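In the two complexes that follow, chain A is the common piece, with chain B as its partner first and chain C second.
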Partner chain A sequence: MDIKGILKPLTAWKRAFKPPHTIEVPNKVTREGAERYRGFHVNDMDKCIGCGTCAAICENEAIKMIPINDPDKGNSGYRPRIDYGRCCWCALCVDICPTGSLEMTNEYTWVRETGDEFIFTPGIDIIGHEDKKDKGFKKDDKLNFLHLERVPMRELDPKERTQTFAEAVLGYSEEEARAEAERCVGCGLCISGCPDRMHIPDYIRAIAEGNDQKSLNIIYENNPLPEMCGKVCTRRCEFECSLGHLGEPVAIRWLKRYVVEQFDDLKKYVDAKPEPLNGKKVGIIGAGPAGLTAAYYLRLKGYETEIFEAAPKAGGMTFLGIPKYRFPIPSLDKQVELIESVGVKINYNSPVDSKKFKKIYDKYDAVFIATGAPKGMSMRIDGEDHPKVLAAIDFLKTINLGGTVDIGKEVVVVGGGNVAIDAVRVSKRLGANSYIAYRRRVVDMPADEEEIEATEAEGIPIYTQIIPLRVEDGPKGKVKLIYGKAKMVQEKEGARPRPVLIEGKEYEYVVDSIIVAIGQRPDLDFIPEDIRNKLEMEKRIIKVDKRQMTNIDKVFAGGDLANWTADAISAIADGLRAVKGIELYLSSKK
Partner chain B sequence: MEQTIKKLENIFKIVKKEKGKRENLNILEVEKDSLHAVLSYLRDNESFKHLALVSCVDWIEDNKFQLSYILWSYQRRVNLIIKIFIDRDKPEFKTIMNLFPQAEVYEREIKELYGVNFEGNPTQDEEFVLEDWDQIPPMRRDFDTLKYSNEMFGDRDSEVKKTNIRKIISDYTDEWRRK
Partner chain C sequence: MKEFKREDREVKLFVGPQHPGVTGNMSFEITLEGDTLTSVKTHVGYLHRAFEKLMERRLYIQNFPLVCRICVPESDTNEENYARALEELAGIEVPERAKWIRTLVLELSRLQMFIRWMGGIAGTMGLSTAPQWAIGDRDYILDLFEELTGGRIYHIYILPGGVRRDIPEGFEERVLKVMDYIEKKLPDYDDLIFENSVFKKRLIGLSKLDPAWVEEIGVTGPVARACGFPFDVRKEQPYEIYDKLDFDIITETGCDMYSMALVRRREIDLSINLIRQIIDKMPKGEVWTPLPNVLYWKIPAGETYVKTEATRGEFGYYVVTDGSDKPRRIHVRGVSTPHAYTLLERLVPGMNISDFSVTIVGLQTCPPEIER
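On to the complex of A and B.
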């Protein structure tokens, strides 16, 4: 028997008739918690992207991620749910939160009948403390766990680089790459931005660990042109990077570039073992990113693959269109070398016409068309057929093939995309005084932000809100681009403002050449008419299913002629989808 | 304040001087054997009559505990932190109840949370905030909070499946990703 336990109440009785020690809170106002007090969590649902970094850092496993919404680009749809039995209020989750959505209130009282209620999803389950978040614990700018600034990339001096076609971007050193890779929190939301779903956090982790070869092989799991992507990719991944919410996104593109640049002879380091041939043959038209990707991975799976390429080199637009100061030939060659080394046969200088197409169609078990979008679009204005008006793509192609184009001393490039930027920077390097004329504003330009910056750094003017009206002969063999100015009109809320011509006033550029870079379209003339007539189209591109299959038996299509994104990484993704599609198609056929 | 510190330096050995995060905060590290003398000097000669707090830091890598005695001068409206280091393997020190009786509670708290024994404090072994604690003191950094949470709370939220968010994010996109 516990004697003390019986006696103890008596000690309380002693005080029964004395005034109480405790007093009531004056005016019933409870004292506010101190500033930066770590109370309960609040999560701003508009900011939270469900990256799970809070759950990953929690040492007590107090945070579970639960599905709330459907996933979207850059947002997993999951949200953190916190068990306050496990939480020790260390607030590492708040410190590491890449978007700053997770914070704490300075509330210290919360009373519930059962402890089981102390598990909730901040932002979803409302507990009544939410208005007290201003004074609670927040991320400290000075002690930030996140490295918000990226390691700067070294570049050639803008003055120097306009004199040469040498590579403008110099690449990371080992030390720089490791430091940049260390910034990654590993959430993987970048993958949702990548059309090719590359295994980004995995290969960045390998770089941070100092294992470049492992990183290289992770990259090669689904991209056979990584050095190209490392240099010129449209890097959609970086726009989904969780660090981009409060700082600069991880330089994913430059890190990939770094890894592949470490290996001169890829054949020795990439673990690519083609399976023995299975007797099935796939013919591929076009050795661009889509064609090369399909050929490489199909060959690894045991299919015999043969590519027909009109140009003297593989690479498609990455070879013909992209200027060499962005993507030099040796970079391309070493990647193509690896692709050929696994047994992919590439026939160079082999343009396909309708007769040859028929032969290919009959000879192979499946055909993959990946001839891209090689034809420049027209401005549809009077006088456009003037000999001094060039399509940007033809201009870039001629220069890249080692030819010359007489563009003269003064050049205006019409357009605002990456091709326009390439054309204007190449013109500058050829010694012309060149500039851009674009219909909308600089912020509306579809070109890569970094490319626009580089252009401006090179002293190339970008004139905006210019609507070309017609082309006329100019004095002394020059050519005139007559244009009007545009005002930006917001027609629908949320929609992109549209340039509308201000009537009445006309202006002109008197130049030696007008280069038109307002888009490209596929050229399907090589497909025999009977097939072409049956081929289902979606406006100017070929309609394909999710495995890149067209409505014509045996025929698959991918790359710029079958997707609207029209960039290299989407073409690579198309190539990979076609691999799966062709594999399914051929294995079902027997 | 500088004068005070100079005077102190003439009498005692000051191991390290630091400036606090705010204007009216200074931090001095002294040798542990001189702590009582330093505190009584500051209390009696320099107007630091109020002991605001005693706290402890576990420097597990250095195998040390830091004890911080935070003083306040009503006259000058300044804080002064006197800190000492003791051996982590032998977590023992002497009480300062003879100088500041209210240290009794602070020392009792540190005893419970860090396991530092204050010789001469009669109530330090009474429970402070923990009930029936049978683990190593919980604020010691080698206390395994995850293991404790698992034993104590288990998976209270079992209807919500434990998710590997990293895997979910990498899987939610497309089935052709991994070969």
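On to the complex of A and C.
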């Protein structure tokens, strides 16, 4: 008989007097969930941008993006609604959320009377656990599904590049481009920043998948100057990239550049088949980005398009204004070649005056004016007509057309935009000791921050809070810019601080040239007076409707002379809108 | 009057499909003569979730919340296997520390499974004190999982490239505390279960295997080890950091339910020992190698079979990739398949009906892993 085996189990009785493991909820202690417990979702509405990445990773399709407010730049207006009938609390959504807005509390229980309440939009539908959100499952810096750092762009050494007009940015290698493209989560918020609504995630994905030609063709769907954009675009898209919230935005501009750079002869690779001519003709004035875009896509759609361009080359300000170290001639030529190859006729060295305008107006079924904003704005101070005061735009134009400008040894550039930056960097390359004088602070400069960095790297000083007062003759043939200092005054809360002159004290720059880069405006003198008088304007630019139509019959306008953003991609977008407008107009005029 | 024939004395019954013990839904069609079983036929299909098929339609990362459900109480083995298969196919290195943490997780998982099993086997014999203890004690390990992974049952913690989070501050001490606690309680379990004369009487000699079946049917794990076969993937083909741990394969020779029980009981000691070794030797460092963008992650075409020693035996993932962003085919080798079919069918004839559920739990069959 196994006496021990019979007695031993009875020792279990000693446990009868121990307290139970089980905790009674909620009458007794409610045990708090662990620090990283995957409890219930909370979403910070100030941070969430509605990118939908959470919904993309959710394997249970528990997340549905639903419209909450109007979309805005970088914010889809949608927010994730979670169905707790489907959710498995894996928190992959939390780990991938590019803004870190989505988190989980460490709450265990959530009791409701109806099941419907478990389909909810965290951050909008209050669940009563919001105050528990300091604990629970949160994003972790170490494990990141997102690749927050961009592949750095190789550049010429700053010292070396001030000696030359050779391209400063060197472009991505194939390996670098694929790695950079791989970072994109495909949310498409970038599109909200692009005036031209390019199909960014699609062409980036094609790069990531190693299909450059596919990418090229997606790009060409609505941009006929992609290498130009790939090099100099103001990249409004990148500022809306969801990865930019916790890291660096995808280098959308450099990726576009990479793709187009892979193809020397675009004609062979871009799938551009113009439709047969439909008998309608469109005359275009100006071969800048706006004019070229309209001409290209109108021609593809079967319209005969002819451009009249004053300069010996197409490209507009991207040829005349932008320095060659940013956008070299061969890059421009190959894109224009493709545009001409589909049948766009460009008449070079053909400035349009009022007589010619009338002829064009009579001959063509529609006219698109895209002559840009070629006139430098004035500082409106005494002595500005001094021969040593130059408009940046004229200075850059002369240099780009192969001419020379005697700027001397010491140059001050007045302004804080991209044109000012170009002018100062070109002056430096011409051997001058040049610097910038700007009204506000560096953070307020409208110039691209990468351009500002490049300028500083080249050893070019940027002086700020400077208000030009007047220009005077200086000693030994020099010129003096007399200026005062400004203090920044914030007039209203949230408003951009305004520079206000500190009265009383004056300073001066004694230099060989003063280059003024405080903005450009259109020059519409070539439009016959009778038409010009009727043409509706909005301050200094032409007023157009959303299809780029002016108030004059047949006449459309776009680009710098009709928008306030005044950059190449906005001009391209205007060109495309004009294509739609002209198509609609001409089809209604059978 | 009808003549009374032998066939008429046989009764056919269905056991299940509700949980026959604590093992999951499975149905057995048993034939009885009196209270003696003459045959059994295993039926599955009550728990089929088509995971293998579903996985073919999901991104690699999206399958983690699925694989952890393949064997509900042992999510980590599945996560580790699937992750390791992907790492092999995609050529991803796992940081050393992550491997140690993974092994820690696997052993904690094994430990809670065996503790739960102790409760289960005793429960099937009506010894309901044991399940009360076991479920309570297992919860201390689930607390550790909650702290480490954010989940008690479904951890979704082992991902390709490492583990999802580093261990929290002070976690090691808390693990050791739980180990001490469990170790202190084990003699009570021994008194209650393993040295209990009823337990012994019922299990010794029950479901005795012919050792030849082991290789013939593909029996693995504690069942094979109870027949003296030193089968243990941790030793045979060490994965993660098992080659850096000091241990011997546990075997018994009785070939019966009691030997299986003893193997599992000794495995509990071994797991505690391994957990202490891991905590003692765990190196510092990174715990994760960043993956490519998981929303678009493609793995080159290839195939692999990876295996681990689960609590029930050899658990394996056969994964085929075709260069796309989703697996082409995944086949999961659930340990219980040969145990619940062929082996059970051979063990049953002549068995008393009251020993049937004891046998199912004794083989530690897990229907979710059979059906997937």
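Heads up, the rule we're going with is that the second predicted complex is superposed on the first by the 558 of 590 C-alpha atoms of A that agree within 3 Å, B and C clash if a C-alpha of one lies under 4 Å from a C-alpha of the other, contacts with A are read in each partner's own complex, and residues count from 1 in each chain.
Criterion: a contact is a pair of C-beta atoms (placed from the backbone, for glycine too) under 8 Å apart; a residue touches a chain by one contact, two chains touch by 3 or more.
This structure is a prediction, so every number in the text was calculated from the model and none was measured.
Once the two complexes are overlaid on the shared chain, A:E221 sits against chain B while remaining clear of chain C. In the superposed model, C is the one of chain B and chain C that contacts more residues of chain A. Once chain A of one complex is fitted onto chain A of the other, the partner contacts of A:F137 are limited to chain C, with no touch recorded for chain B. In the superposition on chain A, A:C88 makes contact with both chain B and chain C. In the superposition on chain A, A:N60 makes contact with both chain B and chain C. In the superposed model, A:I191 makes contact with chain B only, not with chain C. Contact with chain C, but none with chain B, is seen for A:R183 once the two complexes are overlaid on the shared chain. In the superposition on chain A, chain A positions 56, 59-60, 88, 186 are in contact with chain B in one complex as well as with chain C in the other. Residues 2, 4-6, 8-9, 11-12, 15, 20-22, 33-38, 53, 56-57, 59-60, 88-92, 95-96, 104, 137, 140, 142-147, 182-186, 205, 208 of chain A are the ones that touch chain C when the two sit in their complex. By the touch criterion stated above, chain C contacts chain A in their complex at residues 58-59, 61-66, 127, 129, 133, 136-137, 139, 143, 146-147, 149-151, 154, 156, 159, 164-166, 168, 188, 190-193, 195-198, 200, 286-288, 290-296. Listed in rising order, the residues of chain B touching chain A in the complex are 145-146, 149-150, 152-153, 156-157, 160, 162-163, 165-166, 168-170, 172-174, 176-179. Across the complex, chain B is touched by residues 50-52, 55-56, 59-62, 64-66, 71, 76, 78, 81, 83, 85-86, 88, 116, 119, 186-189, 191-192, 197, 199, 201, 221-222, 576-577, 580 of chain A.
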